[in-house]
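Following this line, the structures themselves.
Each of the two complexes below includes subunit A, the first together with subunit B, the second together with subunit C.
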Partner chain A sequence: MMAVLRSILLLGLGALVLFVMQHNTPGYGDITSPIAIRGKAGERVEGHAFAYGAANVHLARVVKTESFGRVRDYSSSGVWLIIEGAAVAKKESLTLLSAEWLSPGGIRYALSQRFSTMRGGYLPTERLEPGLPKPVLIAFELPETAIKGGRLLIARSALTPLGEELWIDLDQKAQLEIKPSITLARGSGSMPWTLAAK
Partner chain B sequence: MSQRRLFWTCLLALVAVLPLAIVVHAWDSLRQMPVFTGKHDIVVEGGAVQPYAGGQWKLADLKRLPGPSDEARIVLAEFETEPRDLAMLAQSACRVRLVDAEGRRFEPLMLSEPIVREMYPEVADRPRCSSLAFANAGNGGTVRMVESFIVPAKASDLSLVVEVQGGEVGVLVFKWKRS
Partner chain C sequence: MPIARRSKLKRRLPAMLVTGIGGMVAAAVSFATAVYEAANPAPVELVKKDEPIDTGRWLVTINNASMAAVPPTGTKPVDAKRFLTVDLELDNRSAATSNAFMRLISIEMLPSIKLPEPVYYLARDKWIASAINPGMPEKVIAVWEWPEGSPSPKALRFSVAKQIYKPRDNLYGAPGWFEDGKAAIVEMAVSGQPDEAVQ
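And now, the complex of A and B:
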């Protein structure tokens, strides 16, 4: 009788261990996911291959771009999040192809592709050279609820297993006002753009 | 065979089989390692002629030009090769990089900066290092090439690294001490 009971207990324990393992074992994607390097907006966040610093954060309902006297309006059903910053390569020339916004609910938003016509300054179009910091612009189109408590993720590529990814938290205390519109125009000299909020 | 002996035999076999399985799985990657391929870098002084990957290579000049900002400089690398095996060169991919004293690696610019055309118009129109440059070369002629880079103003002890992929040796490194 005791032997039967012991067998049932062992069987139950085995099933429990398997159940826990099934629900806790990380998948291939988790095991090979990028290694996070945490930082805050307003400071230089250092990776091994590159560094990035987010300087100014803007929110707007509409983004206007000005190029050769032509103005284009980019409206959104959500809110535009525009981040001005600077990036630099450290060991070799590279382009930062992956920038995502991680909402507090865990949803990842890709970088907006609507500015693909904008020349100069947009993060995935800028090649970075070692030791030469470059101003870069990042734009996301987000639901309003995805902004507060969210996080900027920057990596060399979204597909590199065990690559490094900067996780940059915005200042949680700063009250960001949503402006009716932001105008991006061509800059001069070392700044590829100028930004004016209305 | 007794049960105890079988146990120890299997345990020892496991110790041998596990590393063997890893080696077999990674064999293709291991074969690419320089220690197995026998490839080594060839280091020469700028201005010297060096046989490499089916040609006689020479770094003719490495000029520093003003950059887009005070902190940056444009580096113009003029190099050439006299093909000995034109077919091999025309079929191989050519990769060029600039390396400084800190080991930082700079890739060539896709488009040459306007200042290059302004200061050295005759050089700006030369081909970049690619199979196309060799495909258009005649037999016995010298293929003159140019690549431009953007580097920090303080970058020193620059070396031009030429790699013809698919060759039997490693990369060709031209040390340039004059700038």
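And now, the complex of A and C:
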């Protein structure tokens, strides 16, 4: 009788332990998520395979692209966040395919793919060579509430488990002004684009 | 020695029988439920146009369907073509930007007509749509190139798929969105018949 009671008790305890572990241990997604390398805007953030530095941050209601004399307007129900920066590969040539904006509420916004006509300098289209820093452009389309307290995440690919990912906090002290419009045009010389805010 | 072994087997026999029969019963019940559910699918809700449909990951509203000779880009194709354009409103309710809406809506038709995959245009840009952000509802136009030789439809049935979120999937235990049958069916008339206009 005692033996039966003891085995039932042990079985219950085992089920309880398994239940608690199921709900409190990190899941597969957490275990294999990219490893964060923290940094700030305005400084060079070093990964093992690449480095990135965010220089200028702009906010705008409308983005206009100018290409071969044709102007296209890109409106948004939110705000455009445009980050000018530079990136460099360190060991081998690579392309940084994943840039995301993590809002303070934990929502991930992917890089905007709407500028398909403006190729020059856009981060996922630029091939980076070791030791040759290149200017790169990043653009997000975000709800206004997602900007304050958010951070920029940059990785080689969004799918690589345990890859490295730069987590870049933008300077939140200076409140950025939302400009009515920003015009992106093809640049000349070393800069692949020119940016003019109105 | 042999007597002891036999008695051990005798003692284990009930346990082996219980697990064996129990396992077979469990397999039979699960197979029978699968067969029963396949034979009696849950009825799919019939929704009117302009009504939002909750598909789990998305809120979808089908506003209008019409036949057109020009795609939303406004560039007329060289050879005359017919396009079925469907106006949609999409709201991404998940925690990440996604383009999964492109696999959400299908047209229920006779199997004799082979429809190509639709192209999605962002109404704001009149250009090919990319992924849609959470919390930023967008108007999107789905465009099917209507096959040559088949008559323009007067009315259509759109089936809207559903997706569910699993914090742990069955293979890796990774979080993700998975297909989960149909959310609703929308029946609506198709306006703007270019055939009639031409004749």
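Just so it is clear, the second predicted complex is superposed on the first by the 178 of 198 C-alpha atoms of A that agree within 3 Å, B and C clash if a C-alpha of one lies under 4 Å from a C-alpha of the other, contacts with A are read in each partner's own complex, and residues count from 1 in each chain.
To be clear about the criterion, a contact is a pair of C-beta atoms (placed from the backbone, for glycine too) under 8 Å apart; a residue touches a chain by one contact, two chains touch by 3 or more.
Just so you know, these numbers come straight off a predicted model, no measurement behind them.
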Point to revise | Which of subunit B and subunit C A:Glu92 touches, first, second, both or neither | key: first
Practice item. Look at A:Pro143 in the shared chain and tell me whether it touches subunit B only, subunit C only, both, or neither; answer first, second, both or neither. Key: second
Practice item. Once the structures are superposed on A, label A:Trp193 by its partner contacts, choosing first (subunit B), second (subunit C), both or neither. Key: neither
Exercise for review: Considering only the touch criterion stated at the top, classify A:Ala110 as touching first (subunit B), second (subunit C), both, or neither.
Suggested key: second
Exercise for review: Quick one: classify A:Gly27 as touching subunit B (first), subunit C (second), both or neither.
Suggested key: second
**Study point:** Partner, of subunit C and subunit B, that touches more residues belonging to subunit A
**Key:** C
Review point. Regarding the shared-chain residue A:Gly78, is it in contact with subunit B (first), subunit C (second), both, or neither?
Key: second
Check your understanding: For subunit B, which residues count as touching subunit A in their complex?
Key -> 68-69, 71-72, 103-107, 150-152, 154-155
Revision key, fill the gap. Touching subunit C in the complex, subunit A uses residues 27-29, 32, 72, 74-78, 106-110, 112-114, 116, 141-143, 146
Review point. Across the complex, what residues on subunit C touch subunit A?
Key: 95-97, 122, 124-125, 127-128, 130-131, 133-138, 167-168, 172-175
Point to revise | Interface residues, subunit A side, partner subunit B - complex | key: 90-93, 127, 129-132, 190
